[in-house]
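Here chain A shows up in two complexes: once beside chain B, once beside chain C.
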Partner chain A sequence: MSPSRLATRAGIYAFLGLFAFLSVFPFLWMIVGMTNRTGDIILGRFTLGDAFLENARNFFEQADAPLVFWNSAKIAILGTIATLAVSSIAGYGFEIFRSPARERIYGVLLLTIMIPFAVLMIPLFVIMGKLGLINTHIAVILPTVASGFVVFYFRQATKAFPSELRDAARVDGLKEWQIFLYIYVPTMRSTYAAAFVIVFMTAWNNYLWPLIVLQTNDKKTITLAISSLASAYYPDYGVVMVGALVATLPTLFVFFIMQRQFVQGMLGSVK
Partner chain B sequence: MQSRDRIRLKSALGAAAFGAALFAAGLAQAKTITVWCWDPNFNVAIMKEAGARYTKAHPDVTIEIVDFSKPDVEQKLQAGLASGVAEALPDIVLIEDYGAQKYLQSFPGSFAPLSGTVDYSGFAPYKVELMTLDGEVYGMPFDSGVTGLFYRKDYIEAAGYTAADMQNLTWDKFIEIGKAVEAKTGKKMLGYDTSDAGLTRIIMQSAGQWYFDKEGGLAIEGNAALKAALDVQKKIQEAGIYKPATGWNDWVAKFTSGDVAAVVTGVWITGTIKAQAEQSGKWGVAPIPTVDVPGAVAASNLGGSSWYVLASSDVKDEAIDLLDTVYAKDVDFYQTILQDRGAVGSLLAARTGAAYDTPDAFFGGEKIWQSFSKWLGEIPAVNYGIFTNEVDAAVAVQLPKLGKGESVDAAIEAIAAQAKVQVQ
Partner chain C sequence: MSPRPGLRRYYDINGWSFVGPAVALILLFMAYPIVWSLWMSFQQGRGMRLSFAGFGNIIRLTQDPVFQLALGNTVLFFVVQVPIMLTLALFIAVLLDDPHLKFRGLLRTLIFLPCVMSLVVYSVLFKSMFLLDGIVNQTLLALAIVSEPIPWMSDPFWARVLLITAITWRWTGYNMIFYLAALQNIDKSIYEASRIDGVPSYARFFRLTVPMLKPVILFTTVTSTIGTLQLFDEARNIVASDTSAGTAGPGDSVLTLSVYIYNLTFRFMPNFGYAATVSYVIVVLVALLAFVQFYVARERDR
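The block that comes next holds the complex of A and B.
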């Protein structure tokens, strides 16, 4: 390798290394912080300590960990499945079926992505109040089900879905819903996997809306529980770090099992 | 077709509303008082104690405490009040004192006045003032941020001063002592964060004024107390008697590590200071230094919060009775929360109890709780208004400039200009 190419290579690695460090550092800090006492964390100690068991015990004492974890998991999994079901049908429909108003309706749908949630919050809250859904997990899930972004994502992916497949299925006498269910869904498996990862992460980390709509301790999600630990007058940061780890694990887990499909899905399901 | 859909939707909504009404009726029978507050080790634990005391005499009532973080409680309260969905609100909510008027004035009629029930003459007057609107008093005064001057006796003595010298200080004298401490011990006098307006608020209230006048109008220009507060901080910065701190945790670390000789802040810091067991016997407590403004005293406040009952509550009477029975009458309750949680309440009679009369070995056997309780009654009442946080931000911008040669008058002018834009 010539010296100039070597220098370029080194520059690229230095650049990537820097950003890798920036992304990994919070995780390192979390892991190290978990094993230290609050006093040491504040003083910036960056070596592993011996307080992990103490912190973990305090976390499970102070937060009803199994309950909030279960609440978060329930909301994230049901919410993700519902979102994928509804939004993928919509994305498929927008691409496959032609109508004069199609692009205009689609444009309006895309506009909804640009409206910040804070604007929708109060009206949505009033609706949930009228429906009697305040303080239910359904109220957390419902507003996310029709997601402009996921519809967009599926429509883009559907562009690569060969019309020959659909025509062949029609000739064989399949109804439209059968084509979607038996031909489209299996073909687009990796698109679904990628969308699953994205939607699951969003649902799991969702904070503002659950905060507003959930009212009692037994409905709280894990993000809410950690937030209240972290904002005490004298927060125990060691305990907060344990909570942060517990809250991070599921998204990591989901990502790692679906990593291969995720990358494929991003590149397009149909080759 | 369209109209049939509409009817169907209407009846669905009706059924849902009916269900919600039934649900609410069920709750009313069980008499559950729902409380929102934010610190599991402090106000949550204290409300649990209050609830335990109350339900002993009223077994038909249960208390449900829901803790969210403080900004979260504020956000939820805001959403609940703004949407008008009553079942979304608790029966009792904890509100930080600086924000009380914002809620009382922005949502008139949403909070239940307690003036007819509660005898407010037993509380620190400044606490009652901040929750008064148009002659009605809302809320139950809770924890106080009565301020004190905590100082290291060993450093002060090494500089040639005694505990007696620390009483009746002016800020000028305080700075003079600070210079002597640095010359003799190499330690700085204060940890000081120039991006925090806390010291400004302490000094300003000790001189009986705030960013707002009694009517709630902006009072930045011509405010002698604010001018004095900025003047003191300019002198502190120019004398260099402080260790710069960045943020809360860093500020705390300055005195827990023994790097500085004094702390001027709210009584709630006592627990943090006492957590350093190896410093036992080395600390003293004195009244805060005074400024030369007519009416200025050696007592002030930083922070604090109070309980409010929502007018929409279906157990309003029980909620008010809970607060009145425990927080306005139970002196023994105040001993328990002081001992267990280090909480200084706002009921002046609390000082007659045993816990308030106990000498504290950590402070060389001083009866510090008696002192704080005495200062509590002396804190000047001011109007915290509805834009304290906004003006605080304007002050924080100017503080670092004071040490770099900006005049106090120029700072006040800049604060007034920024505040006017934000307050509108």
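The block that comes next holds the complex of A and C.
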């Protein structure tokens, strides 16, 4: 290798290495920060301290940690299951049973993906008020269940579902819902896994809508709890760090065990 | 081929029962709110006691300095941040696409990792890192990049720089994954042929890589545009702001349209009509920019 190519090579590694380091640094900062007192964190201390237990105890007391964690988990898991069920059935239906009327509705559905949430939030708040659902977890979940994006994702995936399987099942006398439940769902396991990761992450991290619709502390999610801890006049950053880690662990865990599906799910939207 | 009437009935019964639940939910929680919001934007009043105001709200937009500040901030974040981030993402993707590169998988995973963090959590972490005596200023001072600490939290200019840096940190890896996937689908023999023909590497990048990635670049541009125009979580959490007064950053320097709508609706005297008007400004911006981006992408086809 010539010296100039060697220098280019070194430059590439230095650049990528630096960028990778910067990408990971806030994670390290969070882990180190959990062990330090606020006074040290605001002065930029980046060595492990001995305040972890104190911070963890304060987080559990100040933020009612088990409750807010449970609230987040409940909303994210139930919301994801409902979204996958309703939106995958619809995506399958739009692709298999085509008609001009349904194609038009599908077109409208795709347009809703581009609509900013700010447009929906006032009417949604009023609707939830009329339904008597303000300050309930159902109100958080309901508007996310029929997702234009997830319907689109499943319709695209259904195009790859072999029609021979459907024909064979019909000959065997299966009804349409049986074909969906007993043949489509098991065949499309990896599609479901990929969609699960994406929808779960979105639901777990949701902030604006829960902020509006959940009003008492016993209903709040962990994201809301962290936001209010950190917006105090003198935030206790040691406590905030513990909260940040607890809020990140589930998504980090899902990411590491399902990395392939994660990337697949993301890319599914451009194919 | 025209389907037999019986078959059509079969398709309709099954079709509607499969798509029915999703369509009903979309109608109630999407279509109805979209139309209602549009209707509200022509009304004025407190809370739900509204009366028709014609274009009153639109006229008010032109006389509202806070709205204009929020609009300016939002457009600024979009214009500065999206190009920086996408260029960086494309550059990194091209470097990572080299099969001879060592630690490729590791580097890719590390650069993608910010995506698992929630927007609120990373905002809060950035806030703790960019305090006046915090780790970032300490490092910049130690490396002699700056001679005095940067007032990230109290100076409007630096607060905006902080916000743009943070969003770029969170989303560069995300966009990089799309580019990497597209690069892997490109037939490598094209590169081989151009190298033999003596085409320099920068020309290969601009004449071959960029045109072939055009659909993905368009997709990431449109999604990033929509995301940036809706900016809320970061603007509300990243700079030490007085949340009780509803301001965002020093001198409202990171106030975005979404934060302003939230303030109008749930913080100040609730004014649903005017808030709805401001929300439709975002819709118009999204539609306009998406149209421009599709148009630009289409024209280069010839």
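A few notes on this one:
Keep in mind that, in the parts below, the second predicted complex is superposed on the first by the 235 of 271 C-alpha atoms of A that agree within 3 Å, B and C clash if a C-alpha of one lies under 4 Å from a C-alpha of the other, contacts with A are read in each partner's own complex, and residues count from 1 in each chain.
Heads up, the rule we're going with is that a residue touches a chain if its C-beta (ideal position, glycine included) is under 8 Å from a C-beta of that chain, and two chains touch if they have at least 3 such contacts.
These figures come from a predicted structure and were not determined experimentally.
Superposition of the two complexes onto chain A shows a clash between chain B and chain C.
Of the two partner chains placed around the shared chain by superposition, chain B and chain C are both touched by A:212. In the superposition on chain A, A:62 contacts chain B only, with no contact to chain C.
By the touch criterion defined above, A:257 reaches neither chain B nor chain C. Contact with both chain B and chain C is seen for A:231 once the two complexes are overlaid on the shared chain.
Once the two complexes are overlaid on the shared chain, A:43 sits against chain B and chain C alike. In the superposed pair of complexes, A:138 makes contact with neither chain B nor chain C.
Once the two complexes are laid over each other on the shared chain, residue contacts for A:28 go to neither chain B nor chain C. In the superposition on chain A, contact is made by A:130 with chain B only, not with chain C. Touching more residues of chain A than its counterpart among chain B and chain C is C. Within the superposed three-chain model, A:6 lies out of touch with both chain B and chain C [touch as defined at top]. Overlaid on A, the two complexes show chain B and chain C touching the same residues of chain A, namely 42-43, 121-122, 125-126, 208, 212, 227, 230-231. Partner chain A is touched in their complex by these residues of chain C: 8, 11-12, 14-19, 21-26, 28-34, 36-37, 40, 48, 92, 95-96, 101, 106-107, 109-122, 124-129, 131, 133-139, 169, 173-174, 177-178, 181, 215-216, 219, 226, 229-230, 232-233, 236-237, 241, 243, 257-258, 261-262, 265-266, 272, 275-276, 278-280, 282-283, 286-287, 290.
The touching residues of chain B, when paired with chain A in their complex, are 13, 16-17, 19-20, 23, 34, 38-42, 64, 66-72, 75-76, 79, 82-85, 87-88, 90, 249-250, 252-253, 256, 268, 271-272. Of all residues in chain A, those touching chain B in their complex are 39, 42-43, 62, 121-122, 125-126, 128-134, 208, 211-212, 215-217, 224, 227-234. Chain A meets chain C in the complex at residues 12, 15-17, 19-20, 22-24, 26-27, 29-30, 33, 41-46, 86-87, 89-90, 92-94, 96-99, 102, 105, 108-109, 112, 114-127, 142-143, 145-146, 148, 151, 176, 180, 201, 204-205, 207-208, 212, 223, 226-227, 230-231, 237, 240-241, 244, 247-248, 251-252, 254-255, 259, 263, 266-267, 269-270.
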